[in-house]
Each structure stands twice: as structure tokens, then as C-alpha cells.
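Chains: A, B and C, in written order; residue numbering restarts at 1 for each.
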Amino acid sequence: MEDTIFFKPKGPFSLNKLIDACNYNDKIHDIKILDKANEKDITFFESSRYSEHAKYTKAKACITTQKLSEILPKSCKKILVKNVLLEVAKISKKFYPDADIDYPDLSLKKPKKSNYPSVKFGNNVLIGKKVKIGKKSIVGSNTIIEHDVQIGKNCVIGSNILLKNSVIGNNVVIQDGCKIGLKGFGFIPMKNKNLKFAHKGNVYIHDDVEIASSCTIDRGSIDDTIIGQNTYLDNQVHVAHNVKIGKNCMIAGQVGFAGSSIIGNNVSIGGQAGISGHLKVGNNVKIGGGSGVIKDINDNEVVMGYPAIPFRDFIKNWKK
Amino acid sequence: MEDTIFFKPKGPFSLNKLIDACNYNDKIHDIKILDKANEKDITFFESSRYSEHAKYTKAKACITTQKLSEILPKSCKKILVKNVLLEVAKISKKFYPDADIDYPDLSLKKPKKSNYPSVKFGNNVLIGKKVKIGKKSIVGSNTIIEHDVQIGKNCVIGSNILLKNSVIGNNVVIQDGCKIGLKGFGFIPMKNKNLKFAHKGNVYIHDDVEIASSCTIDRGSIDDTIIGQNTYLDNQVHVAHNVKIGKNCMIAGQVGFAGSSIIGNNVSIGGQAGISGHLKVGNNVKIGGGSGVIKDINDNEVVMGYPAIPFRDFIKNWKK
Amino acid sequence: MEDTIFFKPKGPFSLNKLIDACNYNDKIHDIKILDKANEKDITFFESSRYSEHAKYTKAKACITTQKLSEILPKSCKKILVKNVLLEVAKISKKFYPDADIDYPDLSLKKPKKSNYPSVKFGNNVLIGKKVKIGKKSIVGSNTIIEHDVQIGKNCVIGSNILLKNSVIGNNVVIQDGCKIGLKGFGFIPMKNKNLKFAHKGNVYIHDDVEIASSCTIDRGSIDDTIIGQNTYLDNQVHVAHNVKIGKNCMIAGQVGFAGSSIIGNNVSIGGQAGISGHLKVGNNVKIGGGSGVIKDINDNEVVMGYPAIPFRDFIKNWKK
């Protein structure tokens, strides 16, 4: 799966132009997460959850708090602030001034058959610039595919779908009404006017995935959102920004994932369950329908309940 | 924000034509809620929840029960019935015979650029009669804006959206797939054929609001539905008829509001929480994800659980 | 309501071509559920829940387990397997090779007024071959009605709707954004590549039904999905494959039904409740908002909670 850039960063900026009261004048080319940043980038470190990545970051500079800064390598310049995410919001807005609102793609046109000789299109399909669609894929009527989206071979993309900022593998099925690649629910709350957070990330949907009707999958903010190979989502599932779902998962109807959670492989989740943000769910986990997961779950666990507890305990409590 | 009338009342009717076995023959021009009705209107009073408004209503007449009627002012003619909402349904149908089913607007046309010189439109946008859209607003492809809808300045309205019976402020962002201003879930259950309730109300969305993808916001029945300034809704939120949400609120994904609840300012609600109907949630309240709120919540409370209880108690119970 | 075939079975096949290691060579024309199969069909029996139907099946042959096979009548040839649904998936794929993915209908055209003289259409409506629409029905803009769908008289079908594999009665209202008749969430989980289950069933929506915005109603797999007369669904309800909902039901917003559950008449279900798969909910049952129903419910019961328990007990527990 090719890496694609939907938003190109402005800049480079010197550090003291990115952050008030910063004396460094190193040139910074982009803002990235801890484990993806390199020596041209700035990164951020706002929670001890990410200490393992912080220890080894290659970033030139890192926005963080006094306390967390000690974990960072010496090579990384520490920018100490009180509210990490507020600074990140301001900086990412400088690099990506157009990524904090979902401006509709106004370059859409009907697809030229000569550009997509082996693709079948329904009526009124609208395609942005540089969209790639693989052989033998089918796209249903009234579907919108915005600029630079990539779709693999043998895909079936239904009707009334909107795809943006997304890279989609082979043999993927997306059913009618899905909205994929939109800006996530990220902002800094402020009285009278919130500060919108730039969402420059992508959605990656791997081979053999099936996504049922009317799901919403938001793109990442600074990271990406990922749906792993052969994972199936039922109707009306909500996947927030930066969520990563592994391979061979089964996600039943109306499940919701809050931002930045990481789900392992072979995980099954019953209908209407909710997974809080920034959690880690292990491999082979089974989560019962309607559960509310509010802490990490180890590999092979079976949980149910709100909040989710081991399944046996849930059933015991019920029988009382 | 201008007041707009999407449905014009038939009539006036004399009271004895509106209600069987009523001797008064005063002319009645409209049906309104207790605190909005004036001396030309009929109103209704079906629950002691609304006693404060009942005491001071200026309505010419009020449909109510024997017991509640004592709270009404002397100036208001009491129409005593057994089933208040059944009578209201019948009367509102006389005033608004076309408001109980969402007849699609069949007057839609592609927007004339000369009517909207500074608005950018995607492809296949359909606009009804007398639609107003403010300067520098953008409307994405395949979006439908029905007659008389008003949209302010600097708005970004995504693709595949349907707007009707709505008045939208400035700097509002609405993401793809939202359906706003539709008829709510109001009817009188009857064997074999329910009696549909007219929905003549509007949706008001104030400045700086952001509504993420695939939300549904129903218009009011006799009252209006309101989203306050700088309130943000995440994907797949459901807002039922007559709900009023205050300013600066954060509503996470898949939250549902049943009809007629009133939410204060600065309220944050976690994903998949549900708020029952006819409740009052105070200012600065925090409601945890997955909660089921079934009673009023005072200002500044933090609650979680199903049913929602103070957050400390919820955590205590969990640790047992 | 006329019976319609959206998918025609291939075949007939002789039994030994349908199933490896089977010696019978009877000609089999279709695969059907226990109580609908006749002497030309194969059926399947995978759970003791269906024993009553198994006893009287008229099917020529039945895929089942050793243990369950004893319940079947002598006239029915038993095909003993370890994983009944895996065999059913393989066989139904032979009969219905195109029913396991929702290929968009590529035969859509704008409706010819001469074919639908008394039907009113919005803009950009797309209609497949052999679609029938009754007198005085209205279809909103951007709506897609795929081949062979039947719609009765006096229906109001909103905008941005997709209908396929569906038969819809008279006086039905479907609000904007609904997706009805799509393939359900049925497959055999397999590492790296799930085996998709053919969905040849229909959706039947009876007279006087109202379905609010953005609902998803999946068609049946081998059986059908049914919404009974005068039943009303609020916004964002999810009805999975094979679900049968009775008459005069009220289903509030964001309710979810897992596959194959059967709901009686006059049932009311509060917002965000979830009904697990393969359950039976009796007549006149009331299910509180947010409930999680995980076992059968008898007639006239009132339940609430997760898991759902009698309402009195729920309130008692809460007051503790």
C-alpha cells in the first residue's frame, strides 16, 4: 500500500516562528507523532502512555511538559509548555492551514472512461484529481471520490459513498452510505470559539476488508486511521481519528471507537459496544455486545458489561 | 438569527371547529407552546413539568386535564380533555395539514450563480425556493437545501447533506451525510394506523457550531430544536425534536437525545450516551460515555453509568 | 404483498455436486429455511431453537449435526456435518454466486414519466429495471431504487435513499438517508479471507410503516427481513438480516437488532436499546431505552437494563 500525501505541509518554519518564547531557530519541516518523526520534524509527547515511543524518538524537537521531558532522548530539543495539545493545535495549523475543516473538493468531475478502462461506474459518480482505481473495481451511483484517493483492484464501492484522504487495498467492499476519511472530532475547547485541530492524517483500509452501510471512519489527526486486512465492520460503526484496528476482526453494528485506540488481531466486538479513547485491546479479545470498554484489555480476554469486566463475572452478577 | 416560517398555519379557526364539544367560538390563529402562545393562539399543558410556563401563558385557550387546569391563569380558556396530546395532534393537523409527513421539496433546482455570487458550490447541488446562503459559504456536491432554509456567512456545508426547515448561523461546519430539519418521531400510537403529529417547528443552529458526519437533527414539533453557539457534535449523533442544546457543548459520537430535553451550556457528553426525553441537564455538566441519563442533572455535576449516577459512585461500584 | 425474486437460483444441482462426500444424487433446486423448503429444496438445521420447524420440514435434504438430525422427519435426507453454517455458506454460494457482495445496480436510469404517470419524482432519481411504484407515491431527489423493487400506493420516499431487494406496501413513509435491502453481516470467519455468505433474502415493509432518517435495514440471508404494519422506526435504527418486527411497534432512535430476532406486535423499544441475535420478544413487550436484551422475553413483560431485567427490579437496584 503506497503512502500518499493528501495535505502538503507549509514551511519549513524555524522553531522560534512556530512557538512563542522559543529561542531555537532550527528549520522544521513537519509535525509528526513520536515514532514517525525524524530529524527534520517536531513531535509532541503529552501522556506517559507513549513513553516507549518517546525514549527513541528521532525528532529534532518535542513539545511536552517539564515532567515528561525527562524521558526524551538528549538529541531532542524540549519545548516545555503547560498545555501540550493546545501548542500542537497551533503549530499544526501553521503547517496545515486547510486541514482543520473539511472543505469539499470542488474539482470533482464525472470519471473519464479512458482513465479507468476496466472500472465500472454507476450514474453521477464524481471523481477528484489524481484518483486511482484498480482493475475490475466497481463504483456505485452518486458516490464521491475526492482528489488523490487510491482504491485497489476488485473493490466494490457502493452508492452514496464519500471517500477522501483514504488509501484502500484490494478486494475491499464498502457498502452504501459510508463516509470515510473525514476530519475527526479534534479541537481545543474554548469559550465562544473552539480552536479546531488540523487533521492531516489518512485512512488506510487494507485488503479484503468489508465495511457495511453508513459507517463513518475519520482520518487521523497527526497520525493515521487503519483498518487491518480481512476485518469486517457491520452497519453504522463509528471509527474515530487515529484508531487502528488489526486483522481478521469482526465489528458488529453500531459499535463506536473513540479516538486513538489500538485494537489487535482477531478481535470480535458485539453490537453497540463502545471503546474509549487511547486504549489498547489485545489480540483474540472478545467484547460482548453493548459493552463499555474503559481500560486496556489483554490478549485472549473475553469481556462484557458497562464497564466491561470478565465475561464470567458479568454472567455471575446477572444471575444474582 | 432571523425567525423563519416554513409552514404557514391554515385558519383562523373558531375554537368550536377545532375541538368537538367546545362551546367557545373565539378565533384561533395558531397553536404554540405555553410560553410562546399569545392571545390569538391555542396552547396545551400536559405535564406538571411545565407549570412555571403554564402560570404565565398568554394563550387564548389551553388544552389540558382537569387537574392541571388549576395552574393556568384566569384569562386562559380551559379545554379539558383526557388525552392532551391526542387533541393537540388533531388540532395541529388542522393548522398544519402538510407538516406530519416529510414531503420532499419538488421545487429544487441547481443554484443560479447570480443569486449566490460569493458562494462556492460543488456538483449537483439542489436548492429550493427562497434559500438564503451567506457570503463565502461553501456547499459540497449532491447536497440538497430545501425551500426557505437560511445559511449564514463562512459556512462549510459538506456533501450528501439534506437541510430543511433550518436556520443556520455564521461559521457553521456541517460534515457530509447529515440530515437536518426532518420531521421528528412524534405520533399518537393507534392500532393499525397511528395518528401522525404535525411538526411545524424549525431547527436553529447558532454561530460557530460544528456538526460531524451523518448526524440527524429533527425539527421541532410545535416548539423548535436548537443547537447553541460553538457547540460541537461528533459523528452519528441523533438529536430528536424540540431538543435544546446550549453553548460550548461537546457531544461525542453516537450520542442520542430523546425529544424535548434541554441541555445547558458547557456540557460535555461522552460517546454513545443517551439522554431521555423531557429532561433538564444543567450547565457545566459532564456525562460519561455510554451513560443513560433518566433524570434531571444539576449544574456542575459529573455523572456516569446506566442509569447515570455521580461519577465517584460509578467508579466505587466498579471497583467492588 | 406480492412475492418477488431478486436473485434467481442457479442449478438445479444434484446433491453430490453440492456437498463433498455425499452419495445422494437427488436434484436440488434451491436452499431455503426449514419451514419454507419443499421437496425440491435443501435446508439446514443448526440450533435446537428451530426444532419445531425441523420436525415438520418438507425439504428433500437437510444439512445438520448428528445430534440434531434425530429431530428431522424420515422423509428428509440428513447431511451430517460438523459446521452447519460453513456448509450452508458454500452451498448457497453455488445457488447464488452474486448475492454475497452488494454489486451496485448498473442499469439505473432516470424514471420515464410514461411508466409512472401518477408518481412524483424529485431531481436525479435513479430507477432500475422493472421497478414498480404505486399511484400517488412521491420519491425525493438523489434517491436510488434498484431493479425489481416494488413500492405501493401513497408512499413518501425521501431523498438520498437507497432501496434494493425490497417490497414495500402502501402508505409507507421512508425518510431521507435510509439504506434498505442491503446485504447483511453474515460470513464465516476465516484467517486472511472470510467466506462471505450469500444473502438472497428480501426486505418486506408492510402498509403504514414509517421509517425515520438514516436507518439501515438489511435483507435476509436465506430467510427475509420483515417490518410489520403500522410499525414506526425512529432515526438511525439498525435492523440486521432476517429480523422480523411485528405490527404497531414503536422503535426509538439508534436501536439495534442483531440478526434473526423475532419481535411481536405492539412492542415499544426505547432509544439505543440493543436486541441480541436469534431471540424472541413477545407481544406487548416494553423495553426501556438503553437496554441490552440477551434472552427471550414473554408477552406483556416490561424490561429495562443491561442486561435487561424486569423494570421493577431495575428501579429497585437503582435506588439502592
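In this section, a contact is a pair of C-beta atoms (placed from the backbone, for glycine too) under 8 Å apart; a residue touches a chain by one contact, two chains touch by 3 or more.
Predicted model, so just to flag it, every value in this text is computed and none were measured.
Student: Can we say the copies chain B and chain C touch using the same residue numbers, with more than half in common, or are the two sides different?
Tutor: Both copies, chain B as well as chain C, present different residues to each other, with under half of the numbers appearing on both sides.
Student: Roughly how big is the turn, in degrees to the nearest 5, that lines up chain A with chain C by CA atoms?
Tutor: That pair's rotation angle lands at 120 degrees.
Student: Rounded to the nearest whole Å, what is the centre-to-centre distance of chain B and chain C, using the mean of the C-alpha atoms as each centre?
Tutor: 33
Student: Multi-chain contacts only, two chains or more: what residues does chain C have there?
Tutor: 124, 142, 160, 177, 214, 236, 254, 272, 306
Student: Touching chain A in the complex: which residues of chain C?
Tutor: Result: residues 101-106, 108-109, 124, 126, 142, 144, 160, 162, 177, 179, 182-183, 185, 187, 189-194, 196, 214, 216, 218, 236, 238, 240, 254, 256, 258, 272, 274, 276, 292, 294, 306-307 of chain C touch chain A.
Student: Can you check the complex and tell me which residues of chain A touch chain C?
Tutor: Touch list, chain A to chain C: 120, 122-124, 138-142, 156, 158-160, 173, 175-177, 208, 210, 212-214, 229-230, 232, 234-236, 247-248, 250, 252-254, 270-272, 289-290, 305-306, 318.
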